[in-house]
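Read through the structures below before going on.
Shared between the two complexes below is subunit A, which pairs with subunit B and subunit C, respectively.
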Partner chain A sequence: MNAIILTAAWGVIMMFGGVFFKSKATPKYWAIVGILLAIAAVFAEIGYGESYFNVDLKGLLHFNSFNLTFIAVAYICTLFFFLLNGSDIEKVGNHVSEYFALIFFVLCGVAIAATYSSLLTLFIGIEILSIPLYILTGSDKRNLKSNEAALKYFLMGSFSTGIMLMGIAFVYGGNSSGTFLVANMGIGQGQLPVLIAVGLVLLLVAMSFKVSAAPFHFWTPDVYDGAPTVFTSFMSTIVKAAGFMAFLRLFDNVFGAAHSQWITLVAIITAATLFIGNITAVFQQSVKRMLAYSSIAQAGFMMLAIFAINDTAKEGIVLYTAAYSLATIGIFAILIKMNDYTVEGFNGFGKAYPLPAVAATVFLLSLTGIPLTAGFQSKFFMLMAALKNGQHTWLIIFAVLCAAVSAYYYFRVIQAIWFKEATTATSVADPAVFTAAFKTMLVITVVLILALGLFPECITNWLHY
Partner chain B sequence: MFGNYITIPHLLIFIPLVTGLLAFFVKQEKLVKGWALCSSLVTLLVAIAGICYSKNEALSGYAYSYEWMKYMGASFAVILDGTGRLLTLLTAIAFPVIFIATGRYSYKSAPAYFGLMLLAQAGLMGVFVAADALLFYFFWELALIPVYFLCSRWGGEKRIQATFKFFVYTFAGSLLMLVGIIYVYLHTAATPSADHSFSLYSFYTATLSVKEQNALFWLFFIAFAIKMPVFPFHTWQPLAYEQSPTSVTMVLSGVMVKMGLFAVIRWLLPVFPEAAARFDNIVIGLSVVGIVYASLIAIRQDDLKRLVAYSSIAHIGLMCAALFTAKEVAAAGVMIQMFNHGINIIGLWIAIDLLEKQFAVRQISQLGGVAHKAPVLTILVVIIAFANIALPLTNAFVGEFMMFAGLFSFNIWYTVVAGISIILAAVYTLNMLQKVFYGETNTLTAATTEIALSEKLALAAIVVMIFVLGIYPQPLLDLTKESVSLLLTRFK
Partner chain C sequence: MPFNYYFFLSLAFFFIGIIGVFPRRNAIIIFMCIELMLNAVNLLLVAFSKMHNLQLGLDFPNIGSEAQVFVFFIMVVAAAEVSVGLAIIVMLYRNTHSVDVNFLNRLKN
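Moving on, here comes the complex of A and B:
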């Protein structure tokens, strides 16, 4: 509860603060303070069960160690996002504090989507999550691509919202107890009633859209490519992970008992997502677009958690959130500083800026899933969860072969960084952008990724509080 | 001897790891060279100490173990059995020899080069001592990453494609193995702190049905077959050997391919003995085809590096075939041959490197008459080349003889076909010697100079090992005797 109220309130503070902030740099510090407060509050709730707000929730929200840990991880990743990208958010436009306010509203949505225990709060959470994002996508107002992306995202997003609502209506109408509350839904193991089955498929489609799983991924590359790069970084990591969290909890708590009836459907979606994401990423010339497709590919791996639905899957999704978000935020933070977003733009980067180049390499290795990085552990947990499930072993083999394909496009960037000489006379990046503070943050991020790669239990143990 | 906290296997991993990381921060080239050499010599001392002092634990018995991922049942467990001691010793010998033999040359960004070399050594050591499947997987991949960077940064013209092919090939194989590891793990018994365990012992006692064993066998075998490489998974190898800087080729062919064989001995055969026995004919058949195929191609090679690369495929193929015969004499032969092959091939690479550095070509057709001006080099190389053909009195003879003896009692026809490779090996090796070292000098080789003292020492050390182990192989046999008999109690 702490998280929801604090982030919502802080969003309002940031919004009105815009009137009073003199300098463009001020909102960043306020935002960092806000997120630190939120993190502290979440930890207080995990560790000591300390909730500062006693509200009668009527069973609409449910807090346990699993979803609180997820919120904590998502907020910590946001902290890293602020610290690495804070000054780049200032460059997007003039309304800096509004951008931060919108991000805080998204964070409020993240918390609701992670803790809902009624289909109504699920819907509200997903909407609070999405609407500020439509605005952020279009925040580069003079850029045609940004406008196009925002409109596309908004249209497609509203469409999927409609489908989700319809799904919720079917599930509501179909369950015998006539309730929105997840706990009382009582969907059993037997043959699903037609209404419930239709609702399930509609919800599956809507959630697949939100997490950009194939074949509902078509908006992703355009939106991620068109949005200002800082916000792409935020959207493709924390927000997507929250989508998965809602997805996982929906299919675990509501439809969990009927697992065997929808598992094949999810397996097909997973395979399609892995295949399309990985294969299309291979052909991209722009690193930003490549990362957009790679985020679809990574979503395929996260789909394995939905496919498996067990305790390891829960640990896996939290770990995946941390690993994938940190690495992606890191690589985007470096990408923003580059003069040229194509793969060739990275030529000679290693020679010019060794430290950021080492960091970029670690991020890419983590995304590939090389041992010693957090990326390996998260993939490892996902594979373990999927294998524990015991069905559709072909999917797991397929997933690891796709992971091998992913090495191709991540390593192309590594090759450009280290093994190719800069071809053009212009420098790869302006030396001034790599400040000491930025470098320090990169080092901290790298250390965190390696630490999670060695000791993933420092996160997964929180789940067992 | 160091108590239970830091033991010899730990030192073997951590000395190169720590010194390798520190090497990145040494700025002067001379200093970093000395640093790397010292580090590798210390590791060598530790490896020798490992042979002398370590207790003779049985494979399934006592392991030095730390908790790592407690609730997953993974631990930082290491053991040093006979096979492990043999291969850690090989690794520990290989690196100083490589550093000495290539010490004269300067590398661009030397700190990174030596740092990565030492990290590769740490990874290799880890593979040879790991007694926990997840730990094994970690090191298996970690040995690859530094080598990838070494080849791509310091290699030949087509290095980027060549190394990338090599990387993707092995990475795909290892991921399949990872699926296999997790699957076996889910069928192991519970431990006090976790539902399942990754330890070597619980892998040996995992309950797997026949069908599961069959499928898992191939998941593991493909990963190992790519690494060795066994025909038809060998296509990455000649190009990678050719394009890598020679010092890295030495690591790759001398030590790294042994990872594949070692993994078969430590993991594949004992964990899936029944499946291995069921598929023995397929594996031996593939290996034998590979032996003849690679030998034939080697005859046609003009590039020295490619010639040795193909000859290496043939040798490794024979070892793989011998392993699957489940005969004691063959298994013992494989053990010592892993060591001997590593020594011999590093010697050959050093010789090729010296020629290449002097003449800037590797084509046999462009060389000739080197013996007139460089007799010492010639004598040393001829001896190493003889070891490559497995002439009696050289170390390779003992191993090959034992492996053929085992293969003979398994199936005579395999022996007949694989035996052709002995003749073919003589053809390509002697042909190479004749054309490169004897005959008339040409304009290129007229100005040949003799090699430097450090290089003489490096080659001489290898020649001494060739003779000593050729005449008196008993120490190596004693070292691995226990491992062999343990292997054969599980895999019949």
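Moving on, here comes the complex of A and C:
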């Protein structure tokens, strides 16, 4: 409960703070203080079961070590996002503290979407997560690309909300208990009633929309490409992971007993997501667009957790959130500093700026899933979860093959960084952007990624606290 | 009136909404179709609420009331979405003097 109330309150503080902050840099520090407070409060709740707010929830939200660990991981990734990208948020426009306020509202939505235990709070959480993002996507008001991305994201997002609500209504109607509470639903094994089966399919479609799983991914590349790059970094990592968390909990707690009836459907969606994400990413010239497709490919790997639904999958999704978010936030933070977003823009980057180049290499290796990095461990957990599940083993082989394909497009950037000479006369990036503080943060992120690769249990142990 | 009438009426609204979203080019019309989908859900939820109450209301008088509360939440969220969505459409109109979604093809490549 701490996380939800603190982030919502801090969002309001940031919003009104915009009136009083004199300098453009001030909101960043307030945001960092806010997220640190939220992280501390979440850890207090995991470690000591201490909730500072006594609210009668009527069973609408449920807190356990799994949810809370996920929230803690998401917030720590947000802290890294603020530290690495804080000064880039200031460059998007004039309303800096409003951007931070919207990010805090999204974080409130992340906490609700991760802890819901009623379909009502699922809906509220997903909406609180999405609506501020529509605004952030369109925050570059004069840029037509940003406008287009915002409109597309908004129309597709509200369309999928409509489908999700229809699914909820069907599940409610088919369930004789007449409740939205997940605990009292009691959808058992055996043939599902027609209404519930239709509701399940509609919810599957809507959640696939939200986490950009194929064949409902078509909005993703355009929106991620058009949005201001800092916000792309935020919404392709933390928000997507929260979508997966909601997805996993929905299919675990509500439809878990009927696992055998929807597993084939999820397997097909997973395979399609892996295939489309990886194959289309190969053909992209712009690194930003390539990362948008790679986020679809990584979503395919996260779908394996929903396919498997077991304890390893739960450990895996939290670890994947950490590994994927840190690496993607890191590579986006470097990409923002580049003058040219194409792969050729990275030519000669290694010679000019060795330290950021090493960091970029580690981030890309982690995204590929090379051993010693967090990306490897998280992919390993996902595959192990799918293997333990025992059905559809072809999917695991397919996932490994797709991971091999992903090496092509990630390594192309690494090759440009280290083995190609700068072709144009203009420099790769302005030297002034790589400040000492930024470099320190990059080193810390790299160390964290390597540490998670060696000791994944430092996150997964929290789940069993 | 039998429950089925409400059920099929709301399904009809929902499909009119879905069918309206895809071929349309005017952003505001698409938006209206999405609102129609949400309102179809509202109608269905209220109908289901009444259905549950008729079935089990003698034993549990409050059964089904949750769905009616849910409808209020949908209305509030839809209002929030309208405020954001119309702001986005107005922003687009200021830059392009059009609300035609086919005009938006800068990101396709």
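Heads up, the rule we're going with is that the second predicted complex is superposed on the first by the 465 of 465 C-alpha atoms of A that agree within 3 Å, B and C clash if a C-alpha of one lies under 4 Å from a C-alpha of the other, contacts with A are read in each partner's own complex, and residues count from 1 in each chain.
Operating definition for what follows: a residue touches a chain if its C-beta (ideal position, glycine included) is under 8 Å from a C-beta of that chain, and two chains touch if they have at least 3 such contacts.
Since the structure is predicted, the reported quantities are computational estimates derived from the model, not experimental observations.
A.B. asks: Which partner does A:D222 contact after superposing on A: first (subunit B), second (subunit C), both, neither?
C.D. replies: second
A.B. asks: Count the residues of subunit A touched by subunit B and by subunit C, then name the partner with the higher count.
C.D. replies: After superposition, C is the partner touching more of subunit A.
A.B. asks: First (subunit B), second (subunit C), both or neither: which does A:F70 touch?
C.D. replies: A:F70: touches no partner chain.
A.B. asks: Which of the two partners, first being subunit B and second being subunit C, lies in contact with A:F455: first, second, both, or neither?
C.D. replies: So A:F455 only meets subunit B here.
A.B. asks: One more residue to check, A:L387. First (subunit B), second (subunit C), both or neither?
C.D. replies: first
A.B. asks: Could you pull out which subunit A residues touch subunit C in their complex?
C.D. replies: 120, 123-124, 127, 131, 134-135, 138, 141-142, 144-145, 147-152, 154-155, 158-159, 161-163, 165-166, 168-169, 172-173, 176, 178-180, 221-222, 225-226
A.B. asks: Can you list the subunit C residues touching subunit A in their complex?
C.D. replies: 14, 17, 21, 27, 30-31, 34, 37-38, 40-41, 44-45, 48-49, 51-53, 55-56, 60, 63-64, 66-67, 69-70, 73-74, 77, 80-81, 84-85, 87-89, 91-92, 95-96, 101, 104, 106-108
A.B. asks: Quick one: which bits of subunit A touch subunit B in the complex? Just the residue numbers, please.
C.D. replies: Where subunit A meets subunit B, its residues are 365, 370-372, 380, 383-384, 387-388, 396-397, 400-401, 403-404, 407-408, 411, 415, 418-420, 455-457, 460-461.
A.B. asks: Note which residues of subunit B are touching subunit A in the complex, please.
C.D. replies: Those in contact with subunit A are residues 68-72, 137-138, 141-142, 145, 149, 152-153, 159-160, 164, 167-168, 171-172, 175-176, 178-179, 182-183, 185-186.
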